[in-house]
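Residue numbering begins at 1 within each chain, and the chains themselves are lettered A, B, C, D, E, F, G, H, I and J in the order written.
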Amino acid sequence: MLFKVEMVVNIPLDADPAVMDAIKKQEKEYSQNLQKSGKWRHIWRVAGQYANVSIFDVESNEELHNLLLALPLYPYMEMKVEALCRHPSSIREDDR
Amino acid sequence: MLFKVEMVVNIPLDADPAVMDAIKKQEKEYSQNLQKSGKWRHIWRVAGQYANVSIFDVESNEELHNLLLALPLYPYMEMKVEALCRHPSSIREDDR
Amino acid sequence: MLFKVEMVVNIPLDADPAVMDAIKKQEKEYSQNLQKSGKWRHIWRVAGQYANVSIFDVESNEELHNLLLALPLYPYMEMKVEALCRHPSSIREDDR
Amino acid sequence: MLFKVEMVVNIPLDADPAVMDAIKKQEKEYSQNLQKSGKWRHIWRVAGQYANVSIFDVESNEELHNLLLALPLYPYMEMKVEALCRHPSSIREDDR
Amino acid sequence: MLFKVEMVVNIPLDADPAVMDAIKKQEKEYSQNLQKSGKWRHIWRVAGQYANVSIFDVESNEELHNLLLALPLYPYMEMKVEALCRHPSSIREDDR
Amino acid sequence: MLFKVEMVVNIPLDADPAVMDAIKKQEKEYSQNLQKSGKWRHIWRVAGQYANVSIFDVESNEELHNLLLALPLYPYMEMKVEALCRHPSSIREDDR
Amino acid sequence: MLFKVEMVVNIPLDADPAVMDAIKKQEKEYSQNLQKSGKWRHIWRVAGQYANVSIFDVESNEELHNLLLALPLYPYMEMKVEALCRHPSSIREDDR
Amino acid sequence: MLFKVEMVVNIPLDADPAVMDAIKKQEKEYSQNLQKSGKWRHIWRVAGQYANVSIFDVESNEELHNLLLALPLYPYMEMKVEALCRHPSSIREDDR
Amino acid sequence: MLFKVEMVVNIPLDADPAVMDAIKKQEKEYSQNLQKSGKWRHIWRVAGQYANVSIFDVESNEELHNLLLALPLYPYMEMKVEALCRHPSSIREDDR
Amino acid sequence: MLFKVEMVVNIPLDADPAVMDAIKKQEKEYSQNLQKSGKWRHIWRVAGQYANVSIFDVESNEELHNLLLALPLYPYMEMKVEALCRHPSSIREDDR
């Protein structure tokens, strides 16, 4: 089941760069593990923004919630979630 | 070069169903041709809405503009365009 | 899987009352059938508005989409969809 | 008398985790007591957000106000309140 | 139980003035009857707008809903409803 | 001359409770004095919010401005002001 | 007593130009009479818009309301009204 | 050349009152000098707000920019600028 | 003196294509004449939209207003105008 | 490939002026180098705001992203990016 998730990251100006670097490293690892598992299907950077557009493929709303809340950068993020489904015009087998 | 395009379709209540069906059939054909060519990389339906979330892969802003303006349903659509780029955490070869 | 759906109905001032009455009758029947099946879990009227707040319990985003698009009043509605999940503080067995 | 209440929780980044854990524990207890009493009829988590959608069943606006203001997490919350009533299409005896 | 209701009236430019005058006359009568009964506690015109700010005193959300939906001008109105309660600083006996 | 004033109070999470209690006590006294004088005609609490809806009856915009700016809680408030006038359907002698 | 009024004029595309010209002529005459009387203190065009920014000097909210509602173009206008008062830094005798 | 400028002042709750008083005194002096020179044509207080509506008469956009950026309170202000021009219905010689 | 003007064109679905083509032809000619004269300094299409971003270089707000109101497509356009000035970091002689 | 980028700079009130001056100096140098290279085609100040409107000419969305993220003032900026393309009415050879 697919969801578009748009994440905007807001790092406070006075955040400790070393702490943030450690969190970002964990975030990358966490994201790549979910990508490998197929749960995090796509991730793109929004040009000019510290933000991404992602597509998740999960079993349920609960699974999506748990994956997102566990993001290391979650406390610094604003999130928009939108439920998607297969488009009747789609010809790609994996866009479902 | 990637763009997220979000299209919302507004059909007037008094539109002629036969005319709209013909336009929707052209739209589907047009969309599927662009999907086959690789220009229209992904298309998903937004749950509960007559709307889609799409990813385009084009040579330039001009090409994107020309593809979108030629959509048979374009006069009935509102559009939001956002320039995307590869995310440094992405592990998918084709998310660029 | 639960979703909150908020529906606002906009009937044009010049709509034919007989036609609208027929559609509303179909809508009621359609809604009550889905309520009986357990798919449409709750429906409340918003005080002072021609609008409702509903909770759907469906197998997938696709099922939700298909149920909503088939609403007889759909062409007259604006819709907002939000994915819900069980709250860790909930004590009701059926709020999941 | 029914109300939909949507609560979004904003914890400052520099909040003391031990203090917040204590408040959240009180919040859970408080919420569950109100659920047991039938005042807090439903509570769902919004997928991907530190937020809930709730349905309250109270005697009056005053009672609703007093219940909400006494939430241990109230100082950290944004709230939207909407008065609901029984929907003429509802078939559930307890959606009133 | 008190509610603030804000009503904005939008008359289409091509509405028949005789029809609208008849509806407005009914509206005035309807409003004055509810004022006499004590249900419609206050009504003020918003300066420069075809809009009012009103205070209703009703038994329940249902009663409020039914009173509002029966307004002769309802099909031409946008409405905002807000539940009020007695303010702890109020010294007026009847502001409850 | 009547004005609707909507006040939302935002107390910072780290405000000193003793200081705030003192200010709120002054606020209550100040409000009740203005109510007694007839300048502050009505005040209601918005259900679920630290906010009020008020009606002021003043000689001029200047007087309204001076009364509001002197509110002990003013530095913590957001304010919306709307000029009202007697509604042609009103039957209450004092809603002017 | 001063008010800033911002008026935006929306003429439907299918309005009869002769009718609109007549209304605009009345509007100009009406506006100039009020300017001569001192009630309509200032009027400026917003660059690039069919809109104006105006300052009214009236006895009361009622008078403002009556002057605005009588504008020949009123049915085609959106209006924003804001109560003003003398600024403590002002040195102009007539900005009050 | 005329511009409407709307300034909203936001003083942080923890600002040093002595410092702010000094800045406000400079602001007043600065504003009055520009009023005397004819550059700052009008200034009104918005009722109930720490905000003003002003009309500037300048040689160019550059001059406006330089005057505004030099406001002693500028770092505490939000600003909206709108280009105005003479209204064809205006009868005041100096509203140009 | 420079202004950014953003124009969005909304053609009604039932507009006569021949009429619109004639107006668009006039629009192009009008725009190109102003470009040649140096008044309309830049014009770009917004990708995916029937909209443009333009830079005007005019003597005054009045001149800008008159140029824009005379656009053949003006009745079909929404407009946003923003006053610009030379940026202190600019190295282009003609960006003033 | 052209993009309009609108940057708004928000400097916290308690920022160290010496630090900010150093960053602004770097920003100016960085901007002027990109202007010389032809990547940053235009930059204008928005009148009355600490903000600019810029036109970038880049090879790709990625290049735009990298140029913007490297702005010395980036952590203090809000950004809006819009993809542009040549307008069919443009007569300027370099507006592409």
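Please note the rule applied: contacts are C-beta pairs under 8 Å (C-beta built on N, C-alpha and C of every residue); 3 or more make two chains touch, one makes a residue touch a chain.
Protein identities per chain, from UniProt: A, B, C, D, E, F, G, H, I, J = Muconolactone Delta-isomerase.
A quick note: this is a predicted structure, and the numbers were derived from the prediction, not measured.
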Rotation in the CA alignment of chain C (Muconolactone Delta-isomerase) with chain G (Muconolactone Delta-isomerase), degrees, nearest 5: 145
Pair joined by more contacting C-beta pairs (B-J or C-D): C-D
Euclidean distance of C-alpha centroids - chain C (Muconolactone Delta-isomerase) vs chain F (Muconolactone Delta-isomerase), Å: 39
Length of the line joining the C-alpha centres of chain D (Muconolactone Delta-isomerase) and chain J (Muconolactone Delta-isomerase), rounded to whole Å: 45
Between chain I (Muconolactone Delta-isomerase) and chain F (Muconolactone Delta-isomerase), distance of the C-alpha-averaged centres to the nearest whole Å: 46
Overlap residues in chain B (Muconolactone Delta-isomerase), where contacts from two or more other chains coincide: 2-3, 45, 47-48, 61-62, 64-65, 81-86
Pairs of chains in contact (touch as defined earlier), listed by label: A-B, A-C, A-D, A-J, B-C, B-I, B-J, C-D, C-E, D-E, D-F, E-F, E-G, F-G, F-H, G-H, G-I, H-I, H-J, I-J
Chain J (Muconolactone Delta-isomerase)-touching residues of chain A (Muconolactone Delta-isomerase), taken from the complex the two chains share: 11, 13, 45, 47-50
Contact set on chain G (Muconolactone Delta-isomerase) toward chain F (Muconolactone Delta-isomerase) in their complex: 1-3, 60-62, 64-65, 81-86
Interface residues, chain G (Muconolactone Delta-isomerase) side, partner chain H (Muconolactone Delta-isomerase) - complex: 2, 4, 27-28, 31-32, 35-36, 42-48, 52-53, 55, 82-92, 95
List of chain C (Muconolactone Delta-isomerase) residues in touch with chain B (Muconolactone Delta-isomerase) within their complex: 3, 5, 12, 61-62, 64-65, 68-69, 75-76, 79, 81
